[in-house]
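Next come the structures, one after another.
Next come two complexes built around chain A: one with chain B, the other with chain C.
== the complex of A and B ==
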């Protein structure tokens, strides 16, 4: 049964007309958010739902009755009684023209999917609007930064469309303020201070700029090592092993090979964020130097492979000897941040119960 | 002064970034990496952000010789007078071009250091005062120019001796609402071009919650072909200051900021002196005229960016942010400087107010012709015999202004086209030169009066070239935020100078039309919306010149 309070609330619900349909909305919602909820497929390039709406690409413009020009739906708050049309012929033509303009400034629309999470956004829209027409040809914008030899982030600004999602994610989500916009107009260029390398800037290589870039201008250099590796990209959802935050990640693999990591935009702990380790430091998994069997240093001074039984007995004897000679606090355990929680628990229990010391720590605490 | 002393001088002042950057720029002549690092630290602005912001401004130099190198105006009108040749002759001294520097009624301006010189050749550059408007050729009653030619008007004594501060003295006897009422009744509207009713704006600021409120004078007269605010500030600075004080009284704002364009260095000194005199005589600061109301006024100098005349960009610039326009709503009347209620008014608007308060709303309304209330200063330049600022009653025929007031085109020439709103209204030509100077008439021709800059092109001029120079200006000044303007102005420029790939006439026209339609409909601010007026009117009035342009390039 509907209580009086609820029916009152229903009466007062804010309503607007979206493409002829009456829809309810909450105060403060933008036209874009409402349109998305009703699956209107309003195109965007500068939009990232985690960031403050910016209103640069103008693809999300819609018609609002009583307002002469179309409005950017991402920055326009809905109001009671608005009559909105998201897909008129005129609006769709503007969107196509805008995409043709964007395509005309860009060297390459078709980029490898390994570049980053959002890297296909421009290509998908250009295909959808059939905007790869070659119209509006002229000077290209943006200059690729080839001198920045950092090992993680490709800065191929030849493909930059100046949506500033990278600048905004760096400031609003990561708080690094490492990059910004230099110059103005057609000459804008994404830079660090004094056009330095990222390594000389405030950049922490979290990779969020890479993952929000809609064109692959910023690319994941580590993943792109496998651009030519055979096979489809498979994504496996897991939790980053490095620390206690528990960021959700999608491990990308081709065949048996892990080729890269992408943050899960719907990860409850991270909402698309990662740190340098979670984003880029996965090579150890498949590294050729990785130990697959235990080793013992024999009398000849060299390490020799052995079986687990022997190795554990050897280690136990060594620890027991130290404890007996120097006391229980002579042992200090540090669990690896890469180990799962169960292993971390076992580790502390082992140190506490076996040696009688509280000298137990985890490298993630640092 | 040392870095630390400069930072200490400015960091607790309102809107400190621009004056602090200028302080370093003035000390060294350019902004070194060390200076930018010091400012970043001193004002706690992230270094990359500050660096990006510095690069936004045309006149902040990041290398020597910096500001001591000549900057030569290559605006539309100066190009007609040989601006490019003058630039070439000064290249050996490190000269660089600058967009319209707001002195189209004079010879070509060249800024060296903090002086704006004028001349037609390198050898004849002179430093001289801004031209005074000639006595009204139509003999009509003026508002903002009514006292400007009086001896000593630019001094406080001279200003008071010619009726100055009568409005404020009258106002403080009454209530703030009285001032809002009289300004509303006068039908004064924004003279910077947008034409928003001034009284309504002030009422909105007065009623908006939040303190401290702020009055911002938009003196970033960046529109090419506009130079009226310069004349008003140089020859009648107290009128604008009194107008701001009246605005402050009406809205309850204790803080005022004048955002002055970089290209007017002498004006900055004039305003600073005037403010100091007003302060010393109890006309600014605490307890103005003994009435208990407080208004502190400061000048902030821009650094070369047309877009900073857009109020959102202007406010971001004052706040030390990257000067992109702001998304609206919210509007400055509720969320302006530092997100507090703010009235942003043009110089001419503010300079009109003391006259209106002193003489009454009815007096002002009656100055216009027919149903059009009030007057407008028109900056007339280009191919006319007497370029200059003319205060016209709204409704005056354009032909009267050009031919009777300003002497018409050079002998033997006819008027081919004029621009409207500086460049923002595009061109008028043919029979549409028979407009009257009021927005209902000009808007009916697809243009608008705007800030009142009118450039005249006689029949010897190539209008495709004129359109190109205009579009190149927009491309140079596009902030780079919204896609249609950032890319559209560039593509239009390429199509007007023939540097784009070869296109058939049909393709060329279709591309220009499609870009223009999308820019007008989807751009985020007035710059991108206005720029297509240039191409639209070019094709409308001069299709044969467009055709010749295209066949030349074929």
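== the complex of A and C ==
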């Protein structure tokens, strides 16, 4: 092992020229990856760093000395001594024209931010290149799939640009292969097997296609219910409350209202993935059934709402009475496997410190 | 888990037993799918043809509760074919000789009779696991919710020890935790046998330490488990405080459970909804929910992570720690003067050797997996790397036992229970989330087509299902997901309270209920 490390150290680092600057790179890296590391802001629409590079949108093209046509930086591996230009006048013009062509096909570029994690990517590039010119008029691609009445995933293919990120994330990251591409060119459609609704396909409603879509063609229907709700979207990093995997999420709120959930791409447990529960089952929190005030059982045998002070005194007095009558081994505590540490810690401390027993457990045996 | 989640993309051989991972831990399952894409092989032992089973190179639809027999025979094959790791056994384990002698009699042919799968498949499983480099084990409640849950886990340890698949990247023994903070509840000492940080209650030093800290004399013996406490309600146990658990719906033997809680003099429940359990309480406190609470939880790979409040609580809801502390203060108990969740968590870190290197601010970026014994420690993604906690990894000599109840003329079918992708536990949360109903509106009983025909059951029709404890009515779903002779349903729907039927027995060590096996009789409702 030691000799391997030594030989690596003495080996000459691979170098190339990026916009006139000498930069080092590792064997196997693509031009796009190197450019990103050096903050060149090369535009792209079909790239998601979690997926295999695809080279479909051609926006990330760069000039490489000795190669006649511009190359797609996302699919071109760097090699020793390459001389790369990421932002020439010709390249930038080419990018603007491509974006103008893309926008000419789409019904709408300006989609709500609640649509999904990547939903603003097209809009940001169109603004950056001032490409919403309407220079190309004519045929529109795709058709909105409004017949799919599922309550989670909006399928508005009028805004689809055929980057196939949805198809690729479903296959490469989820391993579900629920959707695929039918036809070519203007007739391209993203479909399930036999063109069924998502419910009747292999789709698990994990929402990954929604979150990687760069145009809002796929949208988070639950979050979009609050498109017109007043207020800025606030994102709060937290951890999913369902299984034990512990996926990182960004909870989205407007004012005091929770409006949706987006996966955290840098979450260590999930690396951007979620399942149907973590993605879509958040609205139990502000459900009308939530308990809002303490309740105590009064002489009529029914539970009635009351003030905190009365309920806390009633709870404490009840425990004291049982302890005094039956002894300290007559009280038992059950902590939650759902609540945070602080709940479990104080519960066990309450039992141990109050009664001097280890009469405490949690719900893991069920 | 002995190994981190990221390792799930690295095994050469995946052995998934008693885990319906694509439904219960879907995000973890995506890592296994990627491992398969890059060439890993997978064995799935599960009575049902789950989505994971369909992806397997070898699916062993073993009869419910026969895991020990399968694992003994796999060990037998591994030894016979000389696939053991002799150096690992010699250097790092104890009891190997006795174990290797013990397994000589348990052939695949013997196990085949018990597991009801071909001996050749068991042979193949032993070869695949023995040859994998590395081989990783993943399991869930399909292993532990049996009267022989501990035997099952020890049998898995035995095959990992004999092949040296512990302490190596991409290997290990990896139980997947089913609830977001069930690991944390244990870490915090909310168990009858350990103080916070797994310091044993029957160790005099620990007892003295906590007696001093908590300013009272604490019993130097383990407490009773929840199962025993419920059994003793009204006869020894007269008051309970329950936080965030719908005991009546999720625990086995519903009638017994309800009766137990009703016989208490004083029941205090803290929850976010008026659950079936809260309805039996004398006092109900409204707790803050996810998204309203600052706090900490630990995931299945021992990663300690921050929960953050995004919005103010609904109504007058308060954090659980505040409610418990206020009750304690009113009883004159010292040490509950906390101002924030941060205060509580930092106290936990100070008292727990496995958290000693952590505090509220250090876990900001989710980077630590315990144990983190001091502030310079980087955390421990993989356990057992150079040594086991207690020195050597111990082999356990285990034998096969029948489940607490076996099928008979009166109850001729095996019922096994589990979860579904779209629902969570007793649906207090998913049942109140818009849209879930579109995918899963009600519960059904999965019955093999041959059984359905024999019993006159119709797809979509109703059936009566009875066990020794009670009976329920349930809609029939005819599917070959269930093997012949076994039916399946989830425990999520209060309308179909399957825990009226379950509860035949408990593991003698952990007192975990045998929720995975229950002989039943199923008849068509005309």
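The definition used in the following text is that the second predicted complex is superposed on the first by the 280 of 366 C-alpha atoms of A that agree within 3 Å, B and C clash if a C-alpha of one lies under 4 Å from a C-alpha of the other, contacts with A are read in each partner's own complex, and residues count from 1 in each chain.
In this section, a contact is a pair of C-beta atoms (placed from the backbone, for glycine too) under 8 Å apart; a residue touches a chain by one contact, two chains touch by 3 or more.
Since we're looking at a predicted model, the values are computed, not measured.
Of the two partner chains, neither chain B nor chain C is touched by A:115.
Residue contacts after overlaying the shared chain place A:191 against chain B, while chain C stays out of touching range. Within the superposed three-chain model, A:244 lies in touch with chain C and out of touch with chain B [touch as defined at top]. Among chain B and chain C, the chain that touches a larger number of residues in chain A is C. Shared-chain residue A:44: touches no atom of chain B or chain C.
Shared-chain residue A:150: touches chain C; no touch with chain B. When the shared chain is aligned, chain C comes close enough to touch A:257, but chain B does not. Using the contact criterion defined above for the overlaid structures, shared-chain residue A:97 touches chain B, although it does not reach chain C.
Listing the residues of chain A that touch chain C in their complex gives 149-152, 172-175, 199, 204-206, 221-222, 234, 236-248, 251, 253, 256-258, 267-270, 273-278, 280-287, 289-297, 303, 308, 311-316, 318-323, 325-326, 329-350, 352-354, 356-366. Across the complex, chain A meets chain B through its residues 45, 53-59, 61, 69-70, 72, 75, 77, 90, 93-94, 97-98, 101-102, 104-105, 135-139, 141, 161-162, 164, 171, 177-188, 191-194, 201-202. For chain B in complex with chain A, the touching residues are 33, 36, 46-53, 55-56, 305, 307, 322, 327, 329, 475-484, 486-491, 494, 499-501, 511, 514-515, 517-518, 520-524, 529.
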